[in-house]
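Next come two complexes built around chain A: one with chain B, the other with chain C.
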Partner chain A sequence: MSGRLGRFLVGLPAYAWLVAFFLIPFLIILKISLSEPAAGIPPYLPLWSHDEVENLRFHLAFGNYLSLFGDELYAFAYFNSIRIAGIATLGCLLIGYPAAYAIARSPAAWRQSLLLLVALPFWTSFLIRVYAWIGILKPEGLLNALLLWLGVISEPLQILQTDLAVIIGMTYSYLPFMVLPLYATLEKMDLSLLEAAADLGCRPFRAFLAVTLPLSMPGIVAGSLLVFIPAVGEYVIPDLLGGPDTLMIGKVLWAEFFDNRDWPVASAVAVAMLVLLVAPIMIIQNARAKAEGRKR
Partner chain B sequence: MASPAPRFPWTDPNAAPLIRFEGVSKRFGDFVAVERVDLAIHRGEFFSLLGASGCGKTTLLRMLAGFETPSDGKIFIDGIDMTAIPPYERPVNMMFQSYALFPHMTVAGNIAFGLKQNSLPKPVIADKVKAVLDMVQMGKFADRKPHQLSGGQRQRVALARCLVKEPKVLLLDEPLAALDKKLREQTQLELVNIQDRIGITFVMVTHDQGEAMTMSSRIGVMNAGVIQQVGTPVEIYEYPGSRFVADFIGAANMFEGTVTVDLPDHVTTTCPELEHDLTIAHGDPVTVGTPVTVMVRPEKMAISRDKPAEGLNWAKGSIADIAYLGDVSTYHVLLASGRKVQVLQTNLRHTNEQPLTWEDEVHLGWHPANALVLTR
Partner chain C sequence: MMLYSLLALAYAFLYLPIVVMIVFSFNASNLVTVWGGFSTKWYGELLHDQKVLDAAWLSLKVAMTSATLSTVLGTLAAVALVRFHRFTGRTLFTGMVTAPLVMPEVITGLALLLLFVAMEHAFGWPAGRSMTTIVIAHTTFSLSFVTVVVRSRLAQMDASLEEAAMDLGARPLRVFMTITLPLIMPALLAGWLLAFTLSIDDVVISAFVSGPGATPLPIVIFSKVRLGVNPEINALATIVVALVGIAMAIAGRVALGREQSRRV
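And now, the complex of A and B:
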């Protein structure tokens, strides 16, 4: 009994935090998403009211959600967000896996310093680092200057204000979130397994595919979720590096909220994004947990 | 069909050994793990490398597997220099101390892994996996994952995973260390039986001398990177070549002395700790005046209240300690010189009329043939 109470008390700050800063705001957003828009402060009508005879009346406006289907813009923005975030996640994985592998296999004395280097960019503001990419990617920027100097291209490439710039920016910004969980799984891997594989006649690269890769799957999944989820909703990077065509759901949200002042639709966009992202991940995780449970 | 392997192939000077270490050394920085090892292991042997932890035995085994490269010297398997051959191309398989089973694969998947590297057809792999699983009595567990098995079962899977590859040499790194005592003793004999049946050469690393004595055809005793002695269990125990081996294998009473008489069938030495001289019939060649160590095993001494017969070596003292183990008792006898001697006696009778007890004055006696002269 005291054990359960103890666990509850230890968890209390975390629960309180989640309730105060996630659950309650989410319920507020959910409520706004079901309200009628209106001109005023706040820019929506209350969800319920009392009429003269004190009857409680609800005014649920599902129209905000229907409008998400009505305009192709939203579907396109969702799809584009998932596509760009997906490519950025893949980029992080392709760069982050070898990096994490190299750190995990480097001499023990070096590992802490190398991990520190991975986390080092966090000492500088995220915003400043994204601005720096403008300087690198713009037509007269460092990258184009280098490529011109090398003779790879004859005129500057338009990278800034394209999807590619957004993908580069995201891959760069979220890379540490991929490297750290991957490092954690690779570092604790029992190296005698690789010796066993070699001993059984397996060449190093095949041993990597047959042993290291499957065993690092938890790290790959964790890293990918840590990159993909925030990348889908990213606003700053597409706004600074993307062009007018780079439509992402974070920018749509901003536009609905601040430009159109249509809080109910903006809220509906946010709720839909949450459902769209969280539901599949929960289903997958659930299925994995069940499959694991069956095997045990 | 080839004739069965001779029982003692190492006694045949013309026999070509299967494994040959030629002046093999291994250094890690300043640390010398293995120093100039020359060793020949023959086909069909069950060879054990025995030593305390850090003596270099595992390094020697890992060099054989190809996980470490010798700093000096060469290793030959079946006449082929292994220097440039990576682990995945060597005709050896290793059973790891941790077993190193792949946690994400089933028992059958683990065993099939090595066969898949040889690109064998699927039905052949399935047949071989089934056969080897039956051999180690793990057929029922083919679809289990390693974490669902007990320690003993994991050990069997690890063994099966090596055996299925039919290597020329099977390397075993402390194969039984993770098992409890009862299972360990049972598995010792099982391993020997399997080795006998399939005829693969086994090279085992162990720190457990009982294990080495029980299982091996020959033992290499290692200390500080050097092989101290190679021999059958009987040779190692009865005729240790050095003080280190005598002390390391079993218990030994050692007396320092100087040779006074050197005759073809025996030597006589002084022995300050015993008040009188000793006669010994075996041991290293010596000359008069050589300082030597006389070694007598505790079970080769007799303990009684009466003075032993003429012609035996003897000593007198009082019982300081008795370790009663049921089948045997070890008596610690304190001599007048202050020296303690261990004597082991089998408890033949149910109850002794007048059992020896603490403080009893006793005589110890041993035949000259039961002592050994050591100079190293």
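And now, the complex of A and C:
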């Protein structure tokens, strides 16, 4: 057919859309992160201007970045986000691995339904599932009522508005993202390898450590990334379940933007988050994809 | 056996909070954690809350529009990525399609709002935050999810069917409409459903790009929830869960019927 033109027309709409609404917005963030804050709408000064003799003048303000590195609050929020997201990822792995393993080894006729049961909560509202935990975790909530009734504790525990509540909420919300990739690798595994290990006198637990665990590593990595990356930037869960001192980077960005109306600093936080979090992950993913490509 | 009890525990962890919420939506008491007898009064109050109803209607319109737009754009992107191996800027294109999948929502939201503000400053459009800005934002992040779903289906498809049609003289557009499209239809439906769900549930990006005149349902729920647990929200949540359950049951039936008719 009119080959080149046809191809051009197929690719163009999505390409143009993404350049306009994905690429350009990031360039704007980059630009505003280098602008001076100002009172007014929009609350920042232009990056360049022409003076009387029409010389182009740049007003680059690296102050926004300097204040990020100078203020302990940002560094603390950043490391706290990584810590909380890391623990939640571990929590998902501890609950998700046995679940995925059990589903992968269950009778073939059940697997689809069991898997659907894991994915189903994902299709109901995320916000509502986080909200459900407020009623359970608060001081007069169901968990405390149950523990008091059992006599485990003598007065209500303060769980809501702590980091623990945020970790529970994240583990709960992101569990399906861990189970699905784990299941995919565990289900593909060649079971005759385990038989061979048993024939050679290997105990089941050792066979698990020596055979199953290394073979399921791609699933563990994929699931962990799917949980960890969104968890680091999470805003809704720390806002609803965490307390005022649960500092996370997503919450800081939100507060700089909506409460302090400091657009340049909010943009600088976004750029720092991208460089420190997303860039290393993309480089690792690229290297892995290339290594796999070479193997083939 | 121990393995299956661990699995049962995982299911309990996933479903208990939802069950608790549903039970307490029928609680007559104002106190959310004390049982005061069965009642449906919160559902009645919900139906008279004009703010909630308006927000729900807006969310529905936004989700339908953005799901449809992102399905069209995402399918075209998937076709371009799977069928055309070389074109100018392919690396950039692949990057732009996959990046939104891992991008923290606060960054996407901030980026889009800054774009809208800059555009309004430069061309006077879009005027303020409205349904249009929410639709554009939701389409942008849903597009990537649709592309992933359709792309994997296209990659698995038997290309010889398309080649046979071409050999018989069918033009590319006709091949796409009569061969490719029917074969990838399940993926398009799945992608549309995914985009719809992502849109109707989104809080963070909507918070950046919505304005006083256009407040979608999750933003209304979020501002109510921030003030504490509220039995009306329990009722609303129960309705959402019921709707999702029904939709999934229908989708399951359709998929099952398709599977059976294929076997015959």
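Throughout what follows, the second predicted complex is superposed on the first by the 257 of 296 C-alpha atoms of A that agree within 3 Å, B and C clash if a C-alpha of one lies under 4 Å from a C-alpha of the other, contacts with A are read in each partner's own complex, and residues count from 1 in each chain.
Operating definition for what follows: a contact is a pair of C-beta atoms (placed from the backbone, for glycine too) under 8 Å apart; a residue touches a chain by one contact, two chains touch by 3 or more.
Note that the coordinates shown come from a computational prediction; the quantities given were computed from them, not determined experimentally.
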item: Simultaneous placement of chain C and chain B on chain A, clash or fit; value: fit
item: Partner, of chain C and chain B, that touches more residues belonging to chain A; value: C
item: Which of chain B and chain C A:L215 touches, first, second, both or neither; value: first
item: Following superposition on chain A: angle at chain A, chain B versus chain C, Cα, nearest 10°; value: 90
item: Per-pair minimum CA distance [chain C against chain B, superposed on A] in Å; value: 18
item: Residues on chain B engaged by chain A in the complex (per definition of touch); value: 65-67, 86-89, 92-94, 96, 98, 100-104, 113-114, 117-118, 145, 148, 161, 165
item: Interface residues, chain C side, partner chain A - complex; value: 3-4, 6-7, 9-11, 13-15, 17-18, 20-21, 24, 32-33, 72-74, 76-77, 79-80, 84, 87, 89, 92-93, 96-97, 99-100, 102-107, 110-112, 114-115, 117-118, 121, 136-137, 139-140, 143, 147, 171-173, 197, 200-201, 203-204, 207-208, 218, 221-222, 225-226, 228-229, 233, 237, 240-241, 244, 247-248, 252
item: Parts of chain A lying in touch with chain B, wherever the complex brings them together; value: 190, 192-193, 195-204, 206, 210-211, 214-215, 295-296
item: Residues of chain A touching chain C in the complex; value: 1, 6-7, 10-11, 13-15, 17-19, 21-26, 28-29, 32, 42, 95-96, 98-99, 101-103, 105-106, 114, 116-118, 120-121, 123-129, 131-136, 138, 140-142, 145, 172, 175-176, 179, 225, 229-230, 232-236, 239-240, 250, 253-254, 257-258, 263, 266-267, 270, 273-274, 277-278, 281-282
